[in-house]
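Every chain is named by a letter (A, B, C and D) in the order it is written, and numbering of its residues begins at 1.
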Amino acid sequence: MTIQAWMMFALVLFCIGLYGVLARRNLIGILIGIELMLNAASVNVLAVNYHVANDPAVGRIIVLFIIGLAAAEAAIALSIILAVYRQRTSIDVANLEELKG
Amino acid sequence: MPRTFLDIFGNPLLALGAGIGGVMTVLSLNTLFCIWFERKVSAWIQRRMGPMEVGFHGTLQTVADMIKLLGKQLITPRGVDKPLYHLAPLMVFAPVVAAASLLPFSKTVVLTNINIGLVLIFMFGGFAVIGIFMAGWGSNNKYALLGAMRSIAQNISYEIPLILSALPIVLLISAKGPMYEIEGEMIAINGMNLAHITAVQADTGVWFVLLQPVAMLIFFIAILAETNRAPFDIPEAESELVAGFHTEYSGMRFGLFFFAEYSNMLIGSMLATVLFFGGWDGPILPGPVWFFLKAYLLIFAMMWIRWTFPRLRFDQLMTFCWGALIPLSIVNLLVTAFLIKVL
Amino acid sequence: MIAAGLVMVLTIAGAIIGVGARRIVHAIFGLGISLAGVALAFGLLRSPFVAAMEVLIYIGGITVAMVFAVMLSSGGRNEPGEGLLRRTLAAGAALLFLVSVGLVISGTEFGPMPEAVDEAWSVQQIGRDLLNRFNVVFELLSVVLLLAIVGAITIAGRGDESLDPAAADEGWA
Amino acid sequence: MNHSLIALVCVASPLIAFVVALVGFRRRHGIAAGIVLTSGVASLVAAAALLLTAHPEAQAFTSRWFVIGDVSIEFGVLLDGRTLIMGAVVALVTLCIQIYSLSYMADDPGRGRFFAFLALFEWSMLSFVFSANLLQTFIFWELIGLSSFLLIGFWYEKPSAVAAAKKAFIMTRIGDVGLFIGLILLFRATGTLDVMEIGRIFEPQGQPSSIPPGQIELIALMLFIGVIGKSAQFPLHTWLPDAMEGPTPVSALLHSATMVAAGIFLVARFHELFLDAPTTMRVMLGIATFTALLAATMAMVAKDMKRVLAYSSISQLGFMLIGLSAGSLFAGYFHLTTHAFFKALLFLCAGAYIHGCGTNDMIAMGRAGVARMRITTIGLVVGGAALAGIPPLAGFFSKEQIIGTLDGSGLFYTIIRIGVYAAAFLTAYYSFRMIFLITRPNADSLAVEDEPAHAQHAGSDHSAGHDPAEPWVMCGPIILLTLGAIGVGFLGGRIAALLGIEHAHAPTLAEMAPAVGIALLGVALAWFEFGRTGARQAGFVASFPPVQTLFEKRWYIDEFYQRVFVRPVVWFAKLCYGTETRALDGAADKLARGVVRAGGETARRHIGRLQLYIGAAVASVAVLVFYLAME
């Protein structure tokens, strides 16, 4: 596999995640899309790490950091989702438009 | 150092096939044996005879049960979430097989010799959670769902002390490194390689249970919880939840859950054996025999506990994990690290 | 080559289920499949440890947490699907991004693959770098995780308060 | 048991007691007091053992704390004559005061905390005395300040106590800046932080060649500024009289062996350095003499017993500095030692009286008949006589030594000598004024009581009628210190030997004569004015009302500070506050309100569809990338 193939793969994964973020109305669905995008970034980093980088430890550590941050982000996002649900008994973004202003 | 199946068979596909075949055989025999053994142990503890009719002292009873299970009608209840319902037994079962193939059964031959075997085993343990949830959710049954929720909460909570109590071993091994001589051969030692963990114990003659008794206790308790054994069998507490997440499963699908449960017990015991009891290390008898002997002693201990202790309440279970086991294992880890640094 | 292709197909199929499934629970399982595929891809990219961490944290942690969130919130009721316009717009934006960045990728020349010693690829190297070179980042990440835990508990706990006025007196705030 | 271990016990046991008592038993007073007392006994035994088995030459036991560049910072104990004597005195006096506090503080709701702080104080002082390193010296110097702050402000419900604590802290802090600069300069000049090493550098007769004389003068001056703050010399002396707002045992501790003694001890510690700075020594001599005189005049007219004692402390500290700066380590150090005993004794007596009759006013005390507290009164007479310098009590020997050292000639020394004689005379006068006012009350005299509101002790509901009680727990320390005040004076030879000085100045009768004469003159005047039957009980200063007022108002120094420093600072602070709240905050508020309004306006024009925004952003990025890729 060439680096281009891996990067295209990551790009496709990223765009699928992007579609999820843009299209879903369910907050958890949006979170799923975000996770996919983060994973695409990880794949990209590791592909570069494998094919181009001189020091292969760095890329893997970056991915570990991404995973850790994703865990933190997911925890916060899910707790917000729960709080929103308790407030509105719905996790549909359409109902959150009153967040404005 | 041990040779892997890949070394022996040459062809990766052939090695894979042989490995899966071997592991499946071992796990199937284990299940058959354990079911009989459990019945006998419970009978013995309750002063009864247990199965006596089929075969010598009922040894063939499980086989008969198995045939009965195979012949049963596979009922798919109405309203189940079909893909999840059907995939669930597989998702519970597959990680078990994968995990079993990572353990060093003998001194000379292992299935795989991976530097991060310990992490991989925990990783496969993490997979099983998804399977349980699929079963509970897919069944479209409130008891199954409640059972699954409890099971997942319990599993992910107890995974933390499980890993934390294994880490001191990794520290102990790594402290011997980076190069270590085993039988005249210098190897780059790795704390997460299960074969290395066993080899170091066999080489020094000190089983880690002597150095890490606290970690061993925590590990054993966590394994009891991870395999949903009593006194942590709340996810399938009969009086509350019928049969937990596999309430709606029948026939051989149910059999697969059963199979996975007993296989998990075996893998947990084997992992404890590798980490704390020197794996295949032992005098006179060949390595694999020692290995299984130790593992089954631990399984016996699990059964003994199951038929002796009452079930915990769910909040007690969680408090015990977060309030006692995790702090204790962290303290144990810190003390170990400190001592290694100082000594 | 074949393995990589299979992994990619698996990952993308999982991702499509993840963003396309009507039932949110199915979407989560799609995400799980996709994450497993990503983990396999990590393995192919010579980073089995990262792959193990990916599975442990993403599948064992994040998807499970999502499942819990589903069970604690909507309970997996069937939501009304997204409108066609919404989906088209989203797909358009994503496609636009795909095409333009894809053009950039395909137009870029990458250097040759450098030779790295086996030692540099080992797990030990990750550990050493994590605690030496990237020590500050590591510490920062632990702080972030701690804050995330505290924040998550606070936010989720405050919801309880609004439901149960008696608990409000004990109060998290 | 080797010396280092004993020294460790001596220094560490108060710390342990402090931590245990404060953390574990703050609310269980009995246990806290027990722990602290045990540690006090342990310290005393250790200090006594060290003193009795002392080596003739200095020893230092240190261990490395950290290294900066080539300088290694060592922590540890330095054992030589100076530290051993001071350590023993500190341990003994502290223990006496701790025992005394058992009774004095018996009803206080916070006495667990009190005892813990006493232990902290003892630890700071002992560690300071024994310190082998300049950094350690400075750290514990500051800790002494902190613990005295805590103890002076112990009754923090009382605004005056809080103000006094703050005043003590801030005034001494002014000096500490000087000290810190001095220590840094000293380190720069010598390149070492080791106290013994510094002693060796300055030891040889004549100045060390490596350091220019001007620099030595500067270092000495800076150190002396620290001493001025800590030991309450003019012009930073005003905190000490106020510091009696703390419980009386604290005053006893502050004025005798710990807080103020630290400054004197610092001069004694670096006496070699000071000897190499003759100009600074003259300045010190002048300031010390002036302080001694100034404080004595204040003590003459004060009615509050603790205030009299506080002024006398300032005055006596001046005497010590006179001895030290006149070039005699022994004279100053000897007076420091003896003073610790009789001043602690006098404060404990004052505490007992206050405890007994509930007022601080000596005239009221006398009229309430406190003289019937026999043991306390004996202690008062002995202590007062020792303070006055009546032979053969402790104060006589040391003061005689100090007067004896002033053998320089010239106008400066003549003035100094006259000042010292005057101060000694006034000392005898005011100490016996105090004794007579208490022991020979005279209802027909002109003496006027202050308002009884001054009653300071917490449980002060004692009526004047019945015989005040003298609990044995209070009497024990008083008796012990009485014996000390009588006996320590005879130990001069031993102390000189420990300090490594030949007892050079063995006084002859002729040399003693001026000191004794002056003291007796003061006593006689006091007798005439206060003691004899039918005395007017109004001092001779009362005939000159302006002078009387001047003395009573403490020479208007406090007022002067209030006008010159405090008011401008307060005014400036108010100005800053006004600027801050009105101008800056107002501006910031306006700015913030503007931002909020702008945000509100924006938000109202906002449709709240995050996904649309994300999509738009991504699409624009994509277009941009596309454009760039096409370039």
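One rule holds in what follows: contacts are C-beta pairs under 8 Å (C-beta built on N, C-alpha and C of every residue); 3 or more make two chains touch, one makes a residue touch a chain.
Since the model is a prediction, treat every value here as computed from it, not as a measurement.
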A-C or B-C, whichever has more C-beta pairs in contact: A-C
Chain centre separation in whole Å, for chain C relative to chain A (CA means): 5
Whole-Å gap between the CA centroids of chain B and chain C: 28
Centre-of-Cα separation between chain D and chain B, whole angstrom: 70
Whole-Å gap separating chain A and chain D, where each centre is the average of the chain's CA atoms: 66
Contacts with two or more other chains, residues of chain B listed in rising order: none
Overlap residues in chain D, where contacts from two or more other chains coincide: 611, 615, 618
Junction residues of chain C, two or more chains touched: 49, 53, 61, 68, 89-90, 93-94, 97, 101
Category of the chain touch graph - line, ring, star, complete, other: other
Touching residues (chain side chain C, partner chain D) in the complex: 89-90, 92-94, 96-97, 99-101, 103-104, 107
Residue ranges of chain A touching chain D (in the complex, touch as defined): 18, 21-23, 30, 93, 96-101
Contact footprint of chain C on chain B as seen in their complex: 81, 83-84, 114-116, 119-120, 122-123, 125-127, 129-130, 133-134, 137, 145, 149, 152, 156, 159, 178, 190, 192
Touching residues on chain C, where the partner in the complex is chain A: 1, 4, 8, 11-12, 15-16, 18-19, 24, 27-28, 30-31, 34-35, 38, 41-42, 44-47, 49-50, 53-54, 57-58, 61-62, 65-66, 68-70, 72-74, 79-80, 82, 86-87, 89-91, 93-95, 97-98, 101-102, 105-106, 108, 110-111, 113-114, 116, 120-121, 125-126, 129-130, 134, 137, 141, 144-145, 147-149, 151-153, 155-156, 158-160, 162-163
Contact set on chain C toward chain B in their complex: 23, 25-26, 29, 32, 48-49, 52-53, 55-56, 59-61, 63-64, 67-68, 71, 76, 122-124
